[in-house]
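Below are structures written as structure tokens.
Each of the two complexes below includes subunit A, the first together with subunit B, the second together with subunit C.
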Partner chain A sequence: MMTKRLRLLSAVLMVLFCCNAALAASTIKIGALFSVTGPAAFLGEPERNTAQMLVNEINKAGGVKGQKLELVAYDTGGDATKAVQLATKLIKDDKVAAIIGPSTTGESMAVIPVAEKDQVPLISCAAGIKITEPVKKWVFKTAQNDTLAVARIFEYLQKHKVSKVAILTVSDGFGASGREQLKAQAGKYGIQILIDDTFGPKDTDMTAQLTKIRGSQAQAIICWGTNPGPAIVAKNARQLGIKIPLYMSHGVSSKKFIELAGNAAEGIRLPSGKVIVADLLPKSDPQRKSLMAFVQDYQKHYKVEGDHFGGHAWDAVMLLKGAIERGGTTPATIRDQLEKTKNYHGIGGTFTYSPADHAGLTKDAFVLVEVKNKDWVLVK
Partner chain B sequence: MELHQQILQYLLSGFSTGAIYALIGFGFAIIYNATTIINFAQGEFVMLGGMLSYFFLSVVHLPLPAAVVLAVLATTAVGIAFERLAIRPLKNATPLSLVIITIGGSILIRGLTMLIWGKDTHALPSFSGSEPIDIGGATILPQNLWIFGITIVIIVVNKLFFNYSITGKAMRACATNRRAASLVGIDVRRMVLFSFVISSAMGSMAGIIIAPLTMTAYDVGIMLGLKGFCAAIIGGLSSGFGTVLGGLLLGVLESLGAGLISSGYKDAIAFVILLLILFIRPQGLFKKADSERV
Partner chain C sequence: MKREIVKFLILALLVLVVPLLLKGGYLMNVLVFVGINTMLAVALNLLLGFAGQISLGHAAFFGIGAYCSGILTATFGLNPWHAMAVAACAGTVLAFVVGFPILKLKGHYLAMATLGLGIIVYIVFNEAVNLTGGPSGLSGIPNLSVGKTVFDSDTKNYYLIWGFTLATILLSLNLAHSRIGRALRAIHDSEVAARVMGVNARLLKVRIFALSAFISAVAGSLYAHTMTFLSPASFGFNFSVELVTMVVIGGLGSIYGSLFGAVLLTLLPEMLRTFQDYDIVVYGLILILMTMFMPGGLVRGIPAMIGAVSARRGNGGNEHA
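Moving on to the complex of A and B:
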């Protein structure tokens, strides 16, 4: 009895397996490396969710040119070594046509040599400028460069005749990169950095740094970090009665920041991708359609608001879809078509890749927003 | 802004952080004195205090005082469970293996908290308003006053408990000599349990009063725990005023260092002090070698 059943079962399995193999012929495998757990989980989780959601939807709508997409997603845990191993696995074992991710700059830099050597296109979801500068043949990215965010703030300051600022950056990768850009671009906008101070990612009190700034001639403070540090900076600045305007980075452009900083968030300005203000954008904005689709879709599936990070993965999948639609089928042809992407109005901005630019965005990708009554408003 | 006003601000900020370090350090000292082990899960009690009061306040929607009391009770329950399940069953274990067990316990508590409440940072409302108070050009928040007040109350109550109650005296006896204490009829194991009760309650209180200022997340316990440990080491692991002074000293030095030198050295200052003390005065800054520990 038992053996009979087993035989039947294995026969069924065989049939299923054959079907699978037959089906597999018409699917395109996309690899994904996201740090779903670990310190960068706040990036990887929405990215994985978004990529899976979008791939499912594309398949439900008939796939790309009749071919289904298959997402093979692995969790790197934010570990660069693991990311490299998994990238190799994706290429050698899963034989993917392209890879989306990793989530962080460190992991991306580690995976780049693998993608370059094995000639598989990689669309990183991390922001570090080093990823696509200098341009690497097989590497693209969707997250906005820090450079663009810094330019947005400085441009606004210059317009309002602010020339002396204090910068306060977190001492991790994100803050260090922001600090570098702030210092590099200040001169171009006629801005002088009077105080250049830092805080640790786990620090609980920044009054000392802010007291020093309060005692200086600075006309504005620019704080560069990700939660919770900047929320503490906002609270401390309010405690110290600091009257000069406080600017933050796009690293805190989520409702979470307003929730954490409470009243102290009022009046703070920051450059941000357009996701959080999707409903405030003028009808004429070319990104509006993508943005609304992403935000509503994410809300429906995961019961939370979609954020920028999910947007990076959305853009990566859509860019690949575009490349496959234009005729990409193998890693090499997909790469060539990716590079020809023109005016794709995505979540992070309007992408136009070229052989000299694999980041594809301009500073229009950012808008300046201000916190008013616990919500965002656009700063004109 | 005048320099002396700046210095005053650094001092006030330093005292406030230092008070928290002292409370956490106290927890280390109490358990050390009862068991001669360093309980590295102390930082997790601090984290649990903050996270549980967030849970009772924002998820269960209880009023703040009730949430605080429940959070302290729940953390204490965790402290008791920890002692019962991880420390007591080990007969004749060396202090070293017990210390490693506490590290394991802390990772477990942190991991469970992450699984239950996620990785997000959460804010707790201030106990009474957030309008800054001006003191001679420096400003502090009402929450800082709560921190000072509650720390003083806890320390005074502890002092009274250890000096005047029978249980407190029994715990001191254990600290001085466990064998002799058990010979005169003191239940040493019960005293160890008590030490976990007191230090987990104290740690959770520290986590609760600081959360409105610094926010709370599943991983805040590591750094706060280490700083509290520094405070306790500076104070020579006494549960007396040595640890209090150690905490305040650490807080003030950090704040002055960040303000006058560079904030990059803030954590370095704490750990350099820790190393110096361990090398030069392992018995702590404030007492002679080989004096009694309480």
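Moving on to the complex of A and C:
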């Protein structure tokens, strides 16, 4: 009696094991590193939410070529050391086929040597130009380069015959990269930078820098930073009665900025990914379909508007999905297929990767928007 | 003394055996950083636990070691070992220069001065973009190598770094049991009394500060060559506080305490990952409970607890009898 039961039990277990093995064979593991906590939580949280939401939906719709995706997401807390440890964990313990993230340029640069050495494709969600320039075999990215954002502003200024500007940048990775690009490209557009000043990421008053700018010949101010600094700049400029136009970076292109800056946000212009003006885009825009899908989905799941940070993660997952659909199964084949991505109309723009370009976007990725009546409008 | 040697040999054996049990994998990578943190905690303990001088800016020396090594090798192409020597000197010299004025201060004022030092160095890392790469970091730092062996895997780095860590522990144990160690403890209890006994308190404090900085800078250099990338965020105020926490949780004035503190504080967040979003809360709770119930740190708290439990058992037995 006993032995019979045991036999039955073992048979059941065997079947279960086989099922398990079969299941395991048809899932593809994707690793994710996002700074969900810490100073860069404003990037990491929407990114993780979006990635999880999208993977769930892909699986609900039957997966990719019959294979389910599994997302293994870790929080780096914005710390480079932790990001490296967790990347190693994803590769060695979880044995993922590809990694999306990290959220910041610093963490991405720290993780790149790990991805290159262990030969696992990495799709960074950070904007720094250093990530994909020079091109690294295993590293791609979805966030738009600062170069393109700077070009958008300068083009507009040149068209409106503005040639003297003051720049005010935050002293972190994002601001430093923006400042470098602003200074590098100014000459090309015949623009002269009269004042080049910075502020700390935690500063609460920028009156000193703005007073200096007020006393100069500058015809416009370009401020490069992420919330809350730029909102304070906007408020201080209003308080000081500064009349010259204020330009911001794509780092503040979310409703949060308008909330923080209040009335002072009116009239501010900035380059932005198309996500915040998705409903204003012409029907013919090739990105419109992806954008509307993302915005509505995010609203439904998380009750807040999706921003372009979440969009970076959306694009990363979709790019991987594309690569797997085209036949990628192992880290190496996924990498090769990623590089062959052509005209994927995503959230950040239209991606076309090549062996010489792992960033994949052109300056069409950005539109210039202006704040009017507490909302965004397109600048023609 | 013999017991000390046995204890150290057990530790060394453990360090040798652990990788064989783990067979590579991700924990090896974490253990590399445990080694670096142990060096730092032991170095800080010499200052904080033995001499009783607080430093809330020790991440600065760690950072200077790391950036010196990083810049000299990545930008100027120096041999990593030479760069490490320069980095160690830089940390020591800075400690000497700032040590003389600031170690005159006591208590809160010393805490504030070292805090200031930490913040100044952090700002320099952030703002000297041409040199340090600024907030987006410094990349392209080579690995250390001996002959044809390049320390480019976690296992190799593990042995390299734990070699340095064991050397640090041995040096510190020696120091603690020497005349200097006793003099430091005398300063800790009463500086005036120590001076009356003929201890040159001022010079000794500066020297131990410099030694602590030296070890921290070497640890920084090792960090730079294992990570091959640096960004200022790793050397901020938070990390200085984390180091102090390691020393206090482990047990002030105990070298092995610092080892336990560093091991616990580095491994704990990894263990708590199962709690997902709540891991920080649990982490904080554990630290609070530990400081409440083990004010003397792990090295004193755990034996005391074992003692209490066995004593209660003994009592219980008596009552029944």
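Quick notes on this structure:
To be clear about the criterion, the second predicted complex is superposed on the first by the 359 of 380 C-alpha atoms of A that agree within 3 Å, B and C clash if a C-alpha of one lies under 4 Å from a C-alpha of the other, contacts with A are read in each partner's own complex, and residues count from 1 in each chain.
The rule is simple: a residue touches a chain if its C-beta (ideal position, glycine included) is under 8 Å from a C-beta of that chain, and two chains touch if they have at least 3 such contacts.
Quick caveat: nothing in here was measured; it's all calculated off a predicted structure.
In this superposed model built on subunit A, subunit B and subunit C occupy separate space and fit side by side. When both complexes are overlaid on chain A, the residue A:Thr88 reaches subunit C alone and has no touch with subunit B. By the touch criterion defined above, A:Glu305 reaches neither subunit B nor subunit C.
Judged by the touch definition given at the top, the superposed model places A:Ala80 against subunit C, while subunit B stays out of reach. When both complexes are overlaid on chain A, the residue A:Gly128 reaches subunit C alone and has no touch with subunit B. Judged by the touch definition given at the top, the superposed model places A:Ser171 against both subunit B and subunit C. Shared-chain residue A:Asp285: touches no atom of subunit B or subunit C. Of the two partner chains placed around the shared chain by superposition, neither subunit B nor subunit C is touched by A:Asp364. Of the two partner chains placed by superposition, A:Asp297 touches none, neither subunit B nor subunit C. Between subunit B and subunit C, the smallest C-alpha to C-alpha distance in the superposed model amounts to 6 Å. In the superposition on chain A, the residues of subunit A touched by subunit B in one structure and by subunit C in the other are 171.
By the touch criterion given at the top, residues 1, 3, 6, 9-10, 13, 16-17, 119-123, 125, 130, 132, 134, 139-141, 210, 213-215, 217, 219-220, 222-224, 254-256, 258-259, 262-264, 266-267 of subunit B touch subunit A in their complex. Residues of subunit A touching subunit B in their complex: 41-42, 171, 197-200, 202-209, 211-212, 214-215, 227-228, 231-232, 235, 238-241, 256, 259-264. Taken together, the subunit A residues at the contact with subunit C in this complex read 36-37, 74-75, 78-81, 84-85, 88-89, 92-93, 105-106, 109-110, 112-113, 117, 128, 130, 171-173, 175-177.
Those residues of subunit C lying in contact with subunit A across their complex are 24-26, 29-30, 33, 126-127, 129, 134-137, 139, 152, 154, 227-231, 233-234, 270, 273, 277, 280.
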